[in-house]
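Mind having a look at this structure? Questions to follow.
Read from first to last, the chains carry the letters A, B and C; within each, the first residue is number 1.
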């Protein structure tokens, strides 16, 4: 994983983000913190030029607009033509028809490198793509030690079916390319009290996959470990009276300062 | 007020925010800090689904777009059908025709639970609704100890006329349902040097009203006390060299850590 | 420069910002920190009213939308009618056709007081305006001690040709009205690891130019010195483990606390 981190710092991958307006500033700052460089653009007439000068594309559907959906499609197709990695963060898939359908259309129209979401979002994508199991999937909503085996099987199967790396993040994180599955136990529950830690991870993961084209699975898993480890290191610097707003700063700061050695030492994962 | 705080932490109200892109991240983080959960969506085709899964709706006109105005109307009507509380923050009403008219249209088309603004915005709404007193209302612009009696009469009258809880925030805050009026003296003037403390309060107030359906007036007043008290507690943690950016973090942190006991002890209000 | 700072704090210039959604919150907070007051509005039907109540207009093309481009044009023309200063920050000019053309159209349609960008953006504007030197300008991309003389000549020439104050920021900053050129050596390289320090400077510079109508060149240069000096002061307060997210807060805090005396003492510039 050390190598993955060093490649990001060395290559300074330029990442085109079409992302929501809620957490976009934090996404930009964590991309800078990890060693990448962010550009944001969602206007359909701007996105093809912008994605052409970038190395990777991060699509996040957290606050959709009709015109930004067109921007996602155009940027995704151009990124595909150029062979750039494309990540989809299906924020709120399952919460509205527009979000579910947009995520499914993106999966159909654009060749994705990674899909990163929480377990409910990922389940929505699996069911929506035609498995017709009804509203609830067979795996329980939360990935816990008890449901871990089933969750791994589920994530591997979806990765194989979709041809993407699937990253399901939560208390235990799973990252699989269909063959192998990283099971990651970094992070803290308090991270859920900060808006956009998932969006930030998606931005950083795009940088990691972009800067490590020969090992995208390991790069995606490394980004998950770094985010979780930054959550642990950031928490260790919290003082009396600090809360979620300061914690947000501490996490980005920890990404900024993280070395390959710290990552190797702090990453808690197994490959199944 | 303790009970109101505890209900928010217990019920974790999901709040749909159609809000401006300037302060949206802080609104999301303060909603998480107080114990609620935020979702943002303004696309007309998305808002009805999103508001349906939420408990309350926060409409803030700080940066209007034609499509977000349609989103506000559609979401508000759906929230009304579902009996969800709806808050309006008429940011900049009086500063432009579009803002004034949009605020008045929202008041006409949507049944509002709370309107929260500064005194100038609220005066604009009163005059615009047909009182024809000319450009300036009879109450002075700032609510001070000298003008307090008149201001209370004004706010009570508007609350009665509109059928909404009216929350006017400033150096002294007033929150009334037409019968009773909370007069609140928490807060610090330096809060005005942070962008969006009003927007943050509106988001948090929506969570409070949503989680306390049996006492909306007290809940709205509690949110005002918490914001002001967080401003005092946050200020007490400021160090040499800190400024408005750090103060922003300290306030959200203070909301995150606030207990019912601290609120009871620190809230400075009388009911008139 | 002290006088410029004091005029901002005394006059509290109201600045209308049509800016990108990535860094807009930081722009608002730094405007408050320096003593100004921010309003954001990009909807074409809102911008003329809003700009009319303001003193200056800050146009930033960091995330363009079709409707916000129309908003920029309408606001700019109204600001011109009213004699308000207008600043253009041509973010990403040269990176896409839409950005380059929009920046050039704004220069053609609106009388600008200041253009502030990095050297590559400014070069794009110069070439696009018909110098037809091909893709690369004659001056090297980075302004260094070695290329300083040429860069000063270049910036002075563009300022004379365009009739605007031109501010090129980087390791060494240049601010010229065609006759004189401030050469400024404040700041730290780590500021480049924070998203939007340029956008923040543009917002603050608009406030400075607005509050100092009799000395716009000195005011623009003062804003550059303050931003750089805040970067130095903010850095001096960084602690072990702090990174770019905390640094962002520290810089805005330093602007908030800066006095005219500190500015006089810390500003590192010569006039050529």
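We adopt the following convention: a residue touches a chain if its C-beta (ideal position, glycine included) is under 8 Å from a C-beta of that chain, and two chains touch if they have at least 3 such contacts.
Remember, predicted model here, so these are calculated numbers, not experimental data.
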Shared interface numbering between chain B and chain A [over half = same, under half = different]: different
Magnitude of the superposing rotation for chain B and chain C (Cα, nearest 5°): 120
Distance from the mean Cα position of chain B to that of chain A, given in whole angstrom: 33
Chain A residues counted as touching two or more neighbouring chains: 21, 25, 248-249
Chain C to chain B touching residues, read off their complex: 21, 24-25, 28-29, 32-33, 38-43, 45-46, 49-50, 53, 67, 233, 237, 248-257
Chain B-touching residues of chain A, taken from the complex the two chains share: 20-23, 25-26, 62-66, 92, 95-99, 193-196, 241-246, 248-249
